[in-house]
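Got some structures for you, see below.
In the two assemblies presented below, subunit A is common to both, partnered first by subunit B and then by subunit C.
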Partner chain A sequence: MSGHSQIEVRVGEIETVARDIKRFRLEPASGTTLPLFSAGSHVRVTMTDGAKSFCNPYSLMGSPTEGASYQISVLKTAMSRGGSHFMHDTLKLDSRLKISHPVNLFPVDQRGRKHILIAGGIGITPFISMAEQLSCAGRPFELHYVIRDRGRGAYASDLTAKYGPRVRIYCRSDDEQLPLSRLLDNQPLGTHLYVCGPASMIEGVLASARAEGWPNENLHTEHFLAPPVGEPFKVRLEKSSLSVNVGERQSILEAVEAAGVDAPYLCRGGACGQCETNVLSADGEIVHNDHYLTSEDRRLGKKIMICISRFKGNGLVVDL
Partner chain B sequence: MTLKFKAETFRNDFSFANSPEAILRFPFPFHEDKYMYSVNVEPHVSGPPGSVTEFAFDVDEHYVAEMQDRAIVLKEDPLRCQALPHMMLAQWDLLELIMTSLARDYPAHFALAREGDSWHWINRPMGIDHSFIFGDIAKLPCGPIEYATRQCQGDFCLLDQRDGNLWMDAGMVTTQADWSLDFDLGMNFVEWHGPVPLAHELGMFDRALKFLLNLQQGRPVRRLNWTMTVHPRLDTSPENYHKWGKDRAALSLENVGDDLHLRVELQALWRLPRSNAIVFSIRCYLIKLRELVTVPKWGRRLHRVLKTLALELVEYKGLVRYHEVAVAWLSEYDDGAPTSAGCGPE
Partner chain C sequence: MSVGRIKSRPIYKGLVPDASAKRHLIVAEGEGAEAVAALEAKASYGFLERAAIFYVVSGARGQEHKSRLEALGADVFYSFPSIPTLLFRLNGVLTTATMGVRLYVSGTEGFIGQVLQAALSHGIDHQCVLTEHHGSLARRVQCIHCKGFTEMVKTNLVKCEHCGITLLVRDHYSRRLGAFMGVSADAETPGELPPSQENFP
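Let's look at the complex of A and B:
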């Protein structure tokens, strides 16, 4: 069940902040303020382009206590289903969008005595509000930001100007590297580490941290996935007595919704678990694209995250 | 609506009683003639005018007396209100939620004027007129959760969300049905529900936790819970068990109608904005059997619910010593006629 309330906003400002990255300021279309949020929150932005509808999650970058507007940054990606292209190429000042209330799947651990934030590329966005929240609360933190080159390093100079030595930039084109083993070594008890960026970077950081003995409770990440494209396939919804066709550029969740069936969801990015659906039978292979199910779950093949995962084969029957 | 606040007690002489209006708006929790637990959450949206769910927090004729009783409990036992150090942001979130709700919903009794962080709060029934800086504890006489919940009926728990679980890291608990904040402080959702029979096997807590982890801002939920209490005693805490425990053995057909109370908890949960914590409010309503049976449907239904209640629930809810006499007394009010579906009095 969705039943999610939406807030109507207008685009108040658009700025190109780096190569392929635009910043959007969203203001309430009516009423005066937007809900306050906790750092690390994101909103799901729904945009309609003629017959096509996109619904993508974007981290909120602004100050969590500023209710007048939200700010998001969007990286234009070549391999997308069109959402980021739409935002870059079609949105103008005063364009209208609908957004969800803020949802936080990447919060700061309030007990943390020190917070290490590691960002790669567009992964910087949640850390902008985190750094603000931590700084205002007087909590010790370090922000380590890996950028491909100076032209793509959005907000690097702003962050350095604002937070001084607490921010370190590593520019790959200048052969600078994130000093990961130094960062992981000898941190005081109660240090929490947060990483956001490309999947390979996240995997690398977490694997190294675990190998160094960091407990899982002290490691935090968020990685939204765009539903990957793939061969079309059929899904039978047993409870609804319906079969739906899932198109090449469509997720199971989107196909189910298009058929008028209300299925639970939240992040729509493979991260939160809310869309977990029971598999009643599968004549083929479930392609698990999420970050939620355990390897045991995947082995048993009785669950599928319908916002992001796909299927190869003849017969997938789910409990919807 | 002008409320007339009653002068009454929830201890010693137990002068508490419900007016006829209060009886009719009582949150009777049984929609059918039997009872088993369920997750039973629904959106906490505005209910019918005059009902206990009309507003975010219900202020009724017992408000002033309940707040006085809370003050007595806290004076004797300050550990009924505790907050772990990392919950300060959540405390301010809760203070904001309580003050903005009360001022919005009961403008005759409460007022809140805000200019940036300079807040001016007026609570007329309690004679409070206080200016402070939101976010600055130096300007409050006590911590934010204590300050706000000393002025709002019901218990409140602040749950920190982390590690895929909810942790009871702060609370004000003075009107509880036999559980201890001091004991549970720092436990997680599954741990603090440990003692509840049957529900774990039914998978209820796993489902409830998953649901609550995804609770969203702007979409609070509520549910009802119930038990029974001898005398209209709000403070049935483990800490004071030596005071109330033995009351359960003192019921007979002669006094059960006046002394035994149905105790219903209206529970609500909100996602808080700045801290991402969840606040769990537990608002307690009491009604003696003799008041309850003035609503014929409720008399019939409560008899049937108690008569058929599973033994594990009779035990867990602490009803064992008087279950039989309560059923016997209520049987006089059950003529076997059919009862309508739903919880309402008609």
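Let's look at the complex of A and C:
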């Protein structure tokens, strides 16, 4: 089910673009071109650091029609399991990596009459290709980019230079605020809004838009999460007649894969819903960390997203 | 010779007031007036102040419904003698409408389909339009051969008003066209037709 073919790439360029943010250019290792992608796509990058292996999703930047290389940006996070540290500290020019084919969970709605893109921090990355695609197609768009301070505004000056007044930067250390109510007011019918950034910002923007009468069909978001660390626990895989231990820095999915069991997945970041797994019994508490299950699903406790969620208790039995 | 369980067959979930909408655009035809009156009864205080009602006077009780809807006291009330005249005004309103407008539609299937078609052309996703079916089940049918539309089709077999082929009316529906699909009923053996039934009274 998840026998996704992988592409081998080499690191062709590494650039520090802002504090704790590096841009990587990935070129095909075999000299052929890479598949074209649609704006908003991401790839999963598999990183092998000794015995440890990580697989994180990163948005593709750059032009969707440029097949010679892909570009991703990685923020070094303090609470990382090791993926972003590996990318920042271990990866060198010419290092080899394996990446998935591009997957798009955050596409531009082509029916839109106007597109409002709202980014917070590293959430700017999917919008770089979106702005490029919209600009090439001659579609009206605005990009609103909230940064913590001038040192962290990755690509802010590039974007402003390229798209002029269509890009607005709001710097929180200078007390600049995203004028959300003004952005949501008086927009023409058929306007679509896209938001990517910290969870609190996404929730705030979506809640305000809904309160202003924007239908869900016109609101789009993507928020990848890294599997959080936590206490180790055991999972029983009923169909495979197997028990696996999930380590403190491991996700259930990673533990299942390490045991040789093929489980479905797509984004590995709690967003897409592909790894939804039925819970047969649970003596304890499922710690839901995803953005996919509804509050009703969570209350019933019959489903778990194994790429991101954890368990606290004595026995978790899943249908795998 | 019925064709069941077609995914494109529209489902009309009924009108419920959306309290978060900034403006309510309510369009109805004939017996669809019943749904508008019921919608108003379900709404909270202030709903009508932000509502515009567009009504096509049709059916045996058309005038009665018109007076009833006019008396509700919405911000705007317009009545129309036909569906095309309503669509003309609706298209004008949608051209300058802003996000936060919610569209409510009730009436026959052909009417709902044509309003949704207009909504679609203004960038409104069909899933956020509230719809309720009232009145006849008669269908608007497009002949797949000559592409002509035949309105108010009540039977499973109908002679295309344009090219004259006898069409079998299917459940396949096109939101883009706002019509059901009609295919030649005797293509296999010319002259051999299935029994005619009034499936859409």
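Just so it is clear, the second predicted complex is superposed on the first by the 319 of 320 C-alpha atoms of A that agree within 3 Å, B and C clash if a C-alpha of one lies under 4 Å from a C-alpha of the other, contacts with A are read in each partner's own complex, and residues count from 1 in each chain.
The criterion applied here is as follows: a contact is a pair of C-beta atoms (placed from the backbone, for glycine too) under 8 Å apart; a residue touches a chain by one contact, two chains touch by 3 or more.
Predicted, not measured: the structure shown is a model, and the values here were computed from it.
J.: Would subunit B and subunit C fit next to each other on subunit A once aligned, or clash?
T.: Aligned through their shared chain, the two binders clash on subunit A.
J.: Is A:Pro102 in contact with subunit B, with subunit C, with both, or with neither (first, second, both, neither)?
T.: first
J.: Between subunit B and subunit C, which one contacts more residues of subunit A in the superposed model?
T.: B
J.: Applying the document's definition of touch, where does A:Leu189 land relative to subunit B and subunit C: first, second, both, or neither?
T.: second
J.: Now for A:Gly260: first (subunit B), second (subunit C), both, or neither, which partner does it touch?
T.: In the superposed model, A:Gly260 contacts neither subunit B nor subunit C.
J.: I'd like to know which partner A:Pro165 touches here: subunit B for first, subunit C for second, both or neither.
T.: Touch partners of A:Pro165: none, neither subunit B nor subunit C.
J.: Tell me the contact category for A:Gly50 with respect to subunit B and subunit C: first, second, both or neither.
T.: neither
J.: First (subunit B), second (subunit C), both or neither: which does A:Glu217 touch?
T.: both
J.: When the two structures are overlaid on chain A, which partner does A:Arg113 contact: first (subunit B), second (subunit C), both, or neither?
T.: second
J.: Have a look at where A:Gly31 lands relative to subunit B and subunit C in the superposition and call it first, second, both or neither.
T.: Once the two structures are laid over each other on A, A:Gly31 reaches no partner at all.
J.: Following superposition on the C-alpha atoms of chain A, which segment of subunit B from the set 168-176, 240-248 or 258-266 overlaps subunit C?
T.: 240-248
J.: Once the two structures are fitted together, what part of subunit A is touched by subunit B and by subunit C alike?
T.: In the superposed arrangement, which is not itself an observed complex, subunit A uses residues 111, 217 for both subunit B and subunit C.
J.: Quick one: in the complex, what on subunit B touches subunit A?
T.: Contact set of subunit B toward subunit A: 43, 86-87, 89-90, 160-163, 210, 214, 216-219, 273-276.
J.: Under the definition above, what is the set of subunit A residues touching subunit B in their complex?
T.: 3-5, 35-38, 40-41, 64-65, 100-104, 107, 109-111, 137, 217, 266, 272-274
J.: Where on subunit C is subunit A touching in the complex?
T.: Counting only subunit C, the residues touching subunit A are 18, 20-23, 94, 97-102, 122-125, 127-128.
J.: Would you mind writing out the residues of subunit A in touch with subunit C in their complex?
T.: 111-113, 184-191, 210-218
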